[in-house]
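Below are the structure tokens for one structure; questions will follow.
In this document, chain identifiers A, B and C correspond to the written order of the chains, with residue numbering beginning at 1 in each.
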Amino acid sequence: MPSLKLENVAKHFGGLKAVDKVSMEVPPGEITGLIGPNGAGKSTVVNMISGVLALTEGDITVDGVSVATDRADIVARKGVARTFQNIRLLPEATVLDNVMIGFHRREEAGVLAQMLGLPAARRDTKRFEEKAWDLLRRFRMEDFAEYEAGNLAYGHQRRVEMMRAIAAEPDIVLLDEPVAGMNDVESDELATIFRELADSGMGLLLIEHNVGFVTRLCKKVYVLDSGRMIASGDPEAVVRDPQVVAAYIGTSGH
Amino acid sequence: MIQFYYAYQPIIDFFLLSVGFGYSQQIALRAGVFSIATAGFAALGSYCVAILATKTGVPIFLTVILGTALAAAVGGLLALPLARLRGAFQAIATLAFVQIILSLLLYGEGFTGGALGIVGIPREVNTWILLIVVGLTMYVMWNIGRSGMGRVFNALRQEESVASSLGVNIGKYHIIAFIISGAVGGLFGGLQSLYTFQIEPHNYGFAFIVNVLTVVILGGRTTLLGPIMGALIMAILPEIARPLAEYRQAVNGVILILVITFLPNGVGDEIVFWFRRRKQARQQQHRASEKEARDAVS
Amino acid sequence: MLSQQILNGLVSGSVYALFSLGFTLIFGVQKLLNFAHGATFMAGAFIAYYCTISGLPFLLAIGFSMLATGLIAILIDLIAFRTLRNRGNAEFPALVSSIGVDLILVSIAQQVSKTQVLNFPFGTFPIKFYDLFGLRISLLQIVILAVVAVLVAALIFYLRKTTFGRQVRAVATNERAAALLGVNAQSVYLQTFFIAGALAGLAGVLIGLLFNSIQFLMGEPYMLRAFVVVVIGGLGSVQGAIVASLLLGVTQSLAVAYLPSGLTDAIIFGLLFLVLLVRPNGLFGDINAVAGGTRQ
């Protein structure tokens, strides 16, 4: 399983150094944490990895190969999936259909086969449907399969995003505040799923405000503040780091 | 039945052609592309067929295939420059495309007959042929809707960034949507010219654009039923609104405004959605009662 | 006569500017394409015509026509745009409903004129020609150039220097932020629509005079030309629209004079296409036309 590496990555918006010379690694089979106060540059990091934003400096590699200038869909095809901090669902589609689109890069039937309704296309759809139901059950969403995604409660919408991201079994998943707005029971449920995913070999990058949640789950944590990496390493040690404590004072870190 | 057919044959044929053009328009909108290029594709198909059928000995069947292929190819090429544009700019660019086609048709007099167009096109198409081709088109559209391509189109329409985060090559799927839109537009354009005896550039101007858009807006932009309902309303309306015949365009305008404002999904889509919701409610009820039964046992 | 063609081109270009300014203003403020703008233009010519033949002095007829088309444009906003705008994501629905308004206006005009071509009565405007450095220029052409220059200058002053102008720009940049600053977006919309409609109406009268012909479909080609203008000038850009209009007028008059007839439209719309390809935001535009797919 490949590993994701950032080397001296920077993103400047005009004069603002949203991300400044950041290096980090998301190894397979582990949950890696990325924390930092609001506006620290966490989402910008995700957007650069996933191909939405161009890098100002530095390099990003997957399995040793640079993806720094790849388009978003190509990054995805190389096995890097993501969720969005501000939830983005297909509002008119059902929950099931929202998950189904996640399987896109596993499609085997060609365009013509799909247009003519050849068996290959039907096999794809059937296979994805089965897998989608597995996911729905795993996230305890099967009762909502036929709901329009736009009408779901917030916590449920987050789960749909997550199912969609992991549907095609990516190597790396970037989770941008996946449990924001959830209660403890819900986030514990998801924590279990995150662990299972990591145990199956996936590399997870978990972005969170809640320091406790991150320290419980992650093997290694990186801390961003104003675009700079101010600490990294063992979560227990990192949260005691005076610089990190200072960065979090007066912010909403629980 | 037979009498009904003879009395209403022109309306039925008009309806079938509208359905065909409607699918050409719909597939673009469905993929989130604000294209109004269908008029241009129809003109290409229709002129290709008319010229080949009146000036060469190419078999009629083949002329339609060639017209379809030409419009599809132009559609694919058109998608390339349009790849970077979105929304209003796509609409304007495709409108310009239609204008370019029309003015070339006017200009190439020796070939296209200029403003007078082409006359004496063999009348090879009848209701049954139209019916079969509409049926085949619907079959393809149905398959698209149930396949990965349909899912991608839905995703592109609703949230492009999500689609690309899942590995969808947006440019590629825009090209596919344009090729299909071009092929269907060209196909029905070709059939139209083999049906009407005479064609001229004017047939594919602003009025055509508006009519095709109306079919899809009234009917719906995402379901198979959409263009059928839209074309049906467009075909029947003049019959019902006979007293307002002189103000037919105004009536169309009022309907467009009312539908887009108060029934934005269109009549056909709304019907399909209604049935879908009812089915969902039933399934939910079913599951709930099953659960109750299980809980009662344990 | 190259310079004569350029002069004629500048005259028609200045009318394009009058017409396109309102269109681009509405787009700048609302990000919506008003397809009924061409019909508003046609309505201007019609109203002035019927006022004139019912005996109103010509200047009064023009004033009345501008007032009426301004109000028509406000009606367009209320009927076709407002509900859709409040629902959000109105780009495509608004295009459709403004086509609906276009159909209604054109259909009414067709019935009123019984599909006839109308002409202003002889002598509505004095026909006089002058020699200017060897160029032939009519009184009407001079008046058109002068009127357009004055109106455009007034509009730019209005947008740049007055409170209304600041409000327009605030709403154009960010409606919600503008609302927080106490700008009433609805009132800004009504004013922009009124100005846009009145300018289009006047353009209709001027074109009706210039070609001495008024008919219910006359808005269509101007609508299409407005697309060319706003794309080349950059949708939403006032200065861009003016430069692009003059450019279009001159290009067109040269193409008519020196190229095979019938190719003019192909060239103009080909130009539009080319600009979209090379500079999708227009030559002067600052609105982002491009989205998705690429790293930004």
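Rule of thumb we're sticking to: contacts are C-beta pairs under 8 Å (C-beta built on N, C-alpha and C of every residue); 3 or more make two chains touch, one makes a residue touch a chain.
A quick note: this is a predicted structure, and the numbers were derived from the prediction, not measured.
Chain-to-chain contact here is organised exhaustively, every possible pair of chains being in touch. Across A-C and A-B, the chain pair carrying more C-beta contacts is A-B.
Among the chains, the centre nearest to the mean of all shown protein C-alpha atoms is found for B. Centroids of subunit B and subunit C (each the mean of its C-alpha atoms) stand 31 Å apart.
Taking each chain's centre as the mean of its C-alpha atoms, subunit A lies 48 Å from subunit C.
Note: centroid distance subunit A to subunit B, computed from Cα atoms, is 39 Å. Residue numbers of subunit A whose C-beta contacts span two or more other chains: 51-52, 71-72.
Shown for subunit C are the residues that touch two or more other chains, namely 293. Within subunit B, residues 161, 164, 170 each touch two or more of the remaining chains.
By the touch criterion stated above, subunit C contacts subunit A in their complex at residues 293-296. Across the complex, subunit A meets subunit B through its residues 50-52, 71-73, 76-77, 81-82, 84, 88-94, 97, 100-105, 107, 109, 111, 114-117, 121, 124-125, 143, 146-147, 164-165, 168.
Listing the residues of subunit B that touch subunit C in their complex gives 29, 34, 81, 83-89, 91-93, 95-97, 99-100, 102-104, 106-107, 109, 114, 160-161, 164, 170-171, 206, 210, 213, 217, 246-250, 252-257, 260-261, 264. Subunit B makes touch with subunit A in their complex at residues 139-140, 142-144, 146-149, 151-152, 154-155, 158-159, 161-170, 176, 180, 222, 279-280, 283-284, 287.
Residues 51-54, 69, 71-72 of subunit A touch subunit C in their complex.
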